[in-house]
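Structures incoming, each one as structure tokens.
Presented sequentially are two complexes of chain A, the first with chain B as partner and the second with chain C.
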Partner chain A sequence: MTDTLSWIAVGTPAEISPDTGTLRVVVEGEAVCLYKLEDGSIHATQDRCSHGNASLAEGYIEDGLIECPLHQGCFDIRTGEAVTAPCKAPIKVYPIKIENDTIYVSGEPA
Partner chain B sequence: MSCTHENKPDVIEVPITINRRWPEEGYTRIPAWVYTDPAIYKKEMDVFFAGDTWNYVGLECEVPEVGSYKRQWIGDRPVIMVRNEEGDINVIENRCAHKGAQICWQNTGKVKDFTCPYHQWNYDLDGNLQGIPFRRGALGKGGMPKDFDVKKFGINRLRTVNRGGSIWATFSDTAPDFETYCGEEVLAEIDHMLPGKKLRLLGYSRQLIPSNWKMYLENLKDPYHATLLHSFYITFGLWRADSKSECIPTGGGAHSVMVSHNEGKKKTEATAEMERFRDDLQILDAETVTPRAEFNRGRVGGAWVFPAAQFGIQANSLKTRHVIPRGPDSHELVFTYYGYEDDDEDMTRLRLKHANLLGPAGFVSMDDSEMLKQVQTGISGYPESVSVVEMGGRDTEPADYMVSEVLIRAFYQYYREAMEL
Partner chain C sequence: MTAGRIIIAGAGQAGGWAARTLRDKGYTGKIVLVGAETHLPYERPPLSKEILLGTGTPDELAVLDNEALKTLDIDIRLNNEVVNINRDAHSVMLGNGEQLPYDKLLLCTGGRARHLPIKGIAHERVFTLRTLDDALRLKTALAGEAGHVLVIGGGWIGLEVASSARQMGCEVTLVEYADRLCQRSVASDISDLLFDLHTSQQVNIMLETQVLDVMPAAKGLAVSLSNGQNLTCTCIIVAAGLIANDELAQKAGLDCNNGIFVDGQCRTSDPDIYAAGDVAITRTAPTGVQLRLESWQNAQDQGIAAASAILSAGNDYRPIPMLWSEQFDWRIQIFGHVNGQVRLALRHLANGASLHFYLNEDEVIVGVIGINAGREFRFARQLVERAAKISPADLLDADKSLKQLLDLAVVA
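Moving on, here comes the complex of A and B:
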């Protein structure tokens, strides 16, 4: 597969907090949240909740969902879909890849 | 004899003791302290506004879309009228379940949901608490107890009714249904003005009047003053002392219906006596006071729906009046002007033009707010004084003439019993 996306290095898996499973980074001026799930997989979404003005990196991960710290609305980390109220609009999901222990995020959302 | 006692608003028990004695003469006298005593005021808020009454909140056309809201008050209590996701209209308390702050600060607007600015507790359009910040703490520390249930901390939703596009609410679970509460006569007046056509909001006027809220209520139950205080009425022939009129107390005196007829300018014996009747004055723009023939055929009718709303027609101007008490010696008066969706452009223009008679600078209404301030100042200076309401007799029988204070007597008959005074 030809790699046509532009990749930006944002950190290492070890930098993702073992306590929260999240890391807030900035990609081309946009706040992005990195997640490390229980199965060890790593994902990236927009960091700002689609409902209130909150950082999802301060949220709570459970069963592949990120719960917003502000009003407990949940998003599917893999798809960005809004799963529970008050969140209705989805959040952006970013493609990632890991090479040489470095996480790369594409500036283009998937 | 007294007026009908059917549909009398019930009274809830309130533990406020008031050591006052009503004058021996009964409801033909009104002691000054009903307009000034803070304990009386507090009891009125609890017994009436928070009691078994139905309170006017607004018109459906004020909240046309999902999320459209109007801030309102029922007595002292701030509430919000809002259209929910299903398109139904809710009336919820304007009070965060957390610390009690008002969650809505603007008179009207449109939102997706409500967020209290203080700690950003978030509520849906039905008042359900959706989420609270840092419920799970921050970075694993703090947070609400695990058993904290957001379902238990929603905002109270009031019982509501939609009658022809007008929205009413009650805090009470025991208030009778709205139709029973209003009674036949009042309901007929509301239905006359709101015949089921879609309504169109035309505008508002609001003013703060430095007098007790009951003075405004009495003023709208007092046709006696109409041709005496309002020189505009008689000068330009809108209303005369010999006009065909009716005063009908209902709901045990709480509500009332008042009807008169705009019969045009005509000099008669009754009006000749009025010193303010000026034959030599002509209004330059007669359209200001001339209604286009409509369903009411010159009938100037109005219903006072206790405690704080009036539905009425003035020429072609359709309006509701709503009184918001602001302490013992002040109240806010809000006129909401509306028309029907099928009004032609000219009728809408006339409805707006005739609204010039009403509101804070209205050709007629401006006399009332000035006068009520003078009354409040007069009685506040003489707290042991009493007023006399014997015009038209000492009874509470409906009257088929205008020069009568029967509606005020009937009101105080109801009031004394409800307030246990």
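Moving on, here comes the complex of A and C:
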């Protein structure tokens, strides 16, 4: 990551629901989903599924994948790659950084 | 399998996913995908909702676009169809007279909207809804003037069209011949909720009512009903269910009964001919009851399963039925067998959402319906998948999360 990215503070790690592992936030008008995985790492992708009109923050995390609540298609949270049908197009992945217990998301997808 | 030719008859969602899957799994022979419509394979669920409402575009429905067809090297024949199968010669004839040999043939011929034998019903202001072209025609009719729409049929398509037409500003009357909505697919508790939802949105529902005849009138159509009422409407939508396109298979002597019987490998009674999607009659889990599954989920999953089985026999495809519907601000999700069970356990969730669990006589969960249940539906679905045995009291206990219940579940 370079310093030329513009970083936007979106919340704290504690705000990511321990129950769902997700938090929906808005970054420059775009819905973004934050994830906290079992290894404690934090990631960010676009919140809208690339297949249907569904919020991935409502979805289910398993083995580093987010399963869409609507049609059960899965994406790799780290890369955004579509892994299972019906999803074909990848989702955007956003760079994040954590400073002083605050999560920052770059407005520009990786 | 060595390089040969696989022909897929029917270029809908099942056919599209089958073609893609053959390549994904390494098949290098020729793939010919034959579709009766003029459109590339697309998903149908948005036709009754996003397409009518204008919140979605036809492009967004694509299962395979031109770029994917080229990359995957799929020979697509649109506006054409397989009209005859010569099983002995392993060849098919297309509508344009062309003869093509096959090693394996996959039938994904789907179905067509049922027409009703009503006097006067053949009229340019009477519509059915199955294809993208149907949806675009209907959209034009509904958007043209905010008139009075009569929907015949209170199943999923009828209710979704009623919902869309109301949201487009139309007055809507819906007639259903049975004594409740969605009678074939859900238990009466859900029928009653659907009735209340639509009534609250000013859909005028008449149950146990049929249309007797239709006459052209000054501003549309004059309709007389079996309950003695007459009404005038600007258009009629007949949503009276689906007829399986199994005539091709019947003519070829395959086992059929309003659909084509397949085994767990999606094979018909001819081992080189397979079937998938709306046209296939499939053994479902857990009990093996044979059903024709008219759902988005099955079209996709069975298309994939059939393609996989064609290349190498694997685990049987034995799905638990799953479907969803969207009406007004409700998203209704159904998993498992939810009609005719002995016991219902209703769990209320936040914000008016709910989960309706259906239990058999052994208190095993055999089905669930979620209304705006969001991610909670996933856990509910897993309870059905595991045939979990949980007391209704626990299911209703808001202090126990579904995830906890899943961990505690006694697997039947």
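One rule holds for everything that comes next: the second predicted complex is superposed on the first by the 108 of 110 C-alpha atoms of A that agree within 3 Å, B and C clash if a C-alpha of one lies under 4 Å from a C-alpha of the other, contacts with A are read in each partner's own complex, and residues count from 1 in each chain.
The definition used in the following text is that a contact is a pair of C-beta atoms (placed from the backbone, for glycine too) under 8 Å apart; a residue touches a chain by one contact, two chains touch by 3 or more.
In this text the structure is predicted, and so the values were computed from the model without any measurement.
Participant: For A:C68, select first, second, both or neither according to whether it touches chain B, chain C, the two together, or no partner.
Facilitator: first
Participant: Mind working out whether A:W7 is in touch with chain B, chain C, both or neither, as first, second, both or neither?
Facilitator: It touches nothing on chain B or chain C.
Participant: Output check: A:A85 vs chain B and chain C. Expected answer is one of first, second, both, neither. What do you get?
Facilitator: both
Participant: In the overlay, work out which of chain B or chain C sits against more residues of chain A.
Facilitator: B
Participant: Is A:Y60 in contact with chain B, with chain C, with both, or with neither (first, second, both, neither)?
Facilitator: Both: A:Y60 reaches chain B and chain C.
Participant: Could you give the residue numbers on chain A that contact chain B in one complex and chain C in the other?
Facilitator: Chain A residues touching both partners: 19-20, 58, 60, 67, 69-71, 85-86.
Participant: Taking the touch rule as given, give the residues of chain A at its contact with chain C in the complex, in rising order.
Facilitator: Those in contact with chain C are residues 19-20, 53, 58-60, 67, 69-71, 85-86, 88.
Participant: For chain A, which residues are in contact with chain B within the complex?
Facilitator: Interface residues on chain A, with respect to chain B: 17, 19-20, 51-52, 54, 58, 60, 67-73, 85-86.
Participant: Spell out the part of chain C that touches chain A in their complex, as residue ranges.
Facilitator: Where chain C meets chain A, its residues are 17, 43, 50, 68, 296-297, 300-301, 304, 324, 374-375, 377-378, 401.
Participant: Per the contact definition, I'd like the list of chain B residues that touch chain A in the complex.
Facilitator: 113, 115, 120, 122, 124, 130-136, 138-140, 150
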